[in-house]
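Each of the next two complexes has chain A plus one more chain, namely chain B in the first and chain C in the second.
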Partner chain A sequence: MTSSDNTPQADRPLSPHLSAYRWQLTSLLSIAHRLSGVALIIGLVALSFWLFFLGQNAQASALVKIIFFSWFGKLVQIGFTAAFFYHLLNGVRHLLWDFNLGLELPQVYRSGYIVIVLTLLLTLAVWVGT
Partner chain B sequence: MKPLALFALHRGTTRHWAAQRVTAVLLTPLGVWFVAASINLFRSSREEVVRWADNPLSLVLFSTFFLVAYWHAALGATEILTDYIHNPARRSVVKNVIYFVLGLSLGFGLVGLFLLARG
Partner chain C sequence: MAEFRLPPMSRPEKGKEWAAESGSNTRTLTVYRWSPPEDGATAARPRLDKFTVDLSKIGTMVLDALIHIKNTMDPSLTFRRSCREGVCGSCAMNINGTNKLACTQALSELKGEIRVLPLPHMRVVKDLVPDLQNAYKQYNEVRPWLRSEKPAGERERLQSPEEREKLDGLWECILCFSCSTSCPSYWWNDDKYLGPATLLQTARWVEDSRDDDTEARLAALDDDFKLYRCHTIMNCTRTCPKGLNPAKAIAGLKSRLAEQNRRS
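The block that comes next holds the complex of A and B.
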């Protein structure tokens, strides 16, 4: 906490006490939902620039192609694919919780493992098959 | 929460909560479609993407996915800011910067999509 915060709230503990929790599957998946969300925002911006440069002349699209076909470009794309599937599947898990479904602790763990396994399988399916 | 409370959008936080869920529900099928449709798209030539964008169904589905995804992104970014930036003035500045960048990037994407759809 910086002392430059002069608001009364500034001295109270921050809402997600990440350092106060013992790491466990539930907290790990929760923070992973946020991190994948932030990654997907960056991916959305990248998607927009892909559209923009592809919409321009052929020269610009050739450059885009080089970026997408490089090993680093592929690695980033695999990461985005995994973040996409994780955020999608875990988002469905959140929506089910909103309907009061699967909130018992063993169910929360089970759905958590299902999300991890499905994320890996779907990411593999996209990248191994192509 | 009663189901009808979803429609009682009179409070900012309630509206934010509901909008996040509505966009999430929309993005679930749209996201699955996007993955299926875009598996080969990113490695395609410009001509192939133009042909893809020429199909009205894919153009409508993609535009919907694109706009709802940006909306969901803005909501999610706001939620993170609310949790981590506690100084209201600073939060408002960061929020405006993020909205500006997202808006600009959305504009770039839409221009590109328009150019591709035009051929």
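The block that comes next holds the complex of A and C.
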């Protein structure tokens, strides 16, 4: 008989969690909400740098123009726009939940897909043609 | 700070491949194994054993396969089971990435190789048996019994059909903890956040017309963690083997608590 009952907690393995649990729309959109929030904060700092340098001399404003309108800068801007729309729309989803609305699973999936599609459409609307 | 990776000694390694049963219709199950060290020995890492079973010899559920493996291949395989019909909550485990009751999860509904792990982010007692002490302690903490000032009468405490209806979707919970252990918030804060199973049970007593302790029950949840670590991720509702909605019950608790605090 081994001492299974007196095995110290620390000697017991922790069962697999994040690496083993299947990703699903529920958890995916939740972590995306958090990540887009972080992206928005970082983006806001970048945006204020841009505005700050624009107000400086011509050289500085030319430099930020080069940085922000390089292909990489543009990519970041598109990402920022997408993060903005996603966070906004999913935030509305959270507000509805806080009013005890749309909490049935089929509704949660429907609103989740709506948020994804609207995020893509609004991001496209901003960037197509620029 | 949440620890997203498993501690090195908790990471499963490749285990034993057991002699496959022959037959025209077989399925392979990868099963999590870990045993406490013999006295004096050092603990080994968990391993993932492979068993191939002949489906013509067994029933239709994952639990049937596990019982068959225990009976015919490896008697040391350890798991909890009792009712084998989804009412006792003993055989909750992580099957192909989501938490299920092994007794009500049909093998035919699973694709490919079947991966069977203990409930996530729990200390393992042996194989598929997680340590539920903390979960039970939290459940006890919400005093899950009728609390009333009124003395017991000659007969039952009566409810109207409408009052009784409010308990539907709450009383059916079998406390298998599939929901709590599917919740990332519970993974990272299981010492302070009560988790969906215990909160659903709290709602069960808060909604009960015969219970007079509603105010104190809600007030007991009023800190940063016990209730409000729920971020409406919804993994709980997605995984509940009984089709209940813990996330909705928790949202109800949040608004009732907010209302109570607003009035006071």
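Here is the rule we use: the second predicted complex is superposed on the first by the 108 of 130 C-alpha atoms of A that agree within 3 Å, B and C clash if a C-alpha of one lies under 4 Å from a C-alpha of the other, contacts with A are read in each partner's own complex, and residues count from 1 in each chain.
Convention: a residue touches a chain if its C-beta (ideal position, glycine included) is under 8 Å from a C-beta of that chain, and two chains touch if they have at least 3 such contacts.
Note that the coordinates shown come from a computational prediction; the quantities given were computed from them, not determined experimentally.
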Chain touching more of chain A, residue-wise (chain B, chain C): B
Partner chain in contact with A:V108 - chain B first, chain C second, else both or neither: second
Which superposed partner A:F84 touches (first chain B, second chain C, both, neither): first
Touching partner for A:D98 - first (chain B), second (chain C), both, neither: both
Touched partner set for A:V38, first chain B, second chain C, both or neither: first
Partner chain(s) touched by A:Q59 [first = chain B, second = chain C, both, neither]: neither
Partner chain(s) touched by A:S27 [first = chain B, second = chain C, both, neither]: second
Which of chain B and chain C A:S19 touches, first, second, both or neither: second
On chain A, positions contacted by chain B and by chain C: 7, 9, 14-16, 94, 98
Touching residues on chain A, where the partner in the complex is chain B: 5, 7, 9-10, 14-16, 34, 37-38, 40-41, 44-45, 47-56, 58, 61, 65, 68-69, 77, 81, 84-85, 88, 91-92, 94-95, 98, 126, 130
Residue ranges of chain A in contact with chain C within the complex: 2-4, 7, 9, 11-22, 24, 26-27, 30, 94, 97-100, 103-105, 108
Residues of chain C touching chain A in the complex: 4-7, 9-10, 12, 32, 34-39, 43, 45-46, 94, 96-98, 115, 117-126, 130-131, 182, 184, 187, 231-235, 237-238, 245, 247-248, 251-252, 254-255
Residues of chain B touching chain A in the complex: 21, 24-25, 27-28, 31-32, 35, 39-40, 42-43, 45-46, 49, 66, 69-70, 73, 76-77, 80, 83-84, 86-88, 101-102, 105-106, 108-109, 111-116
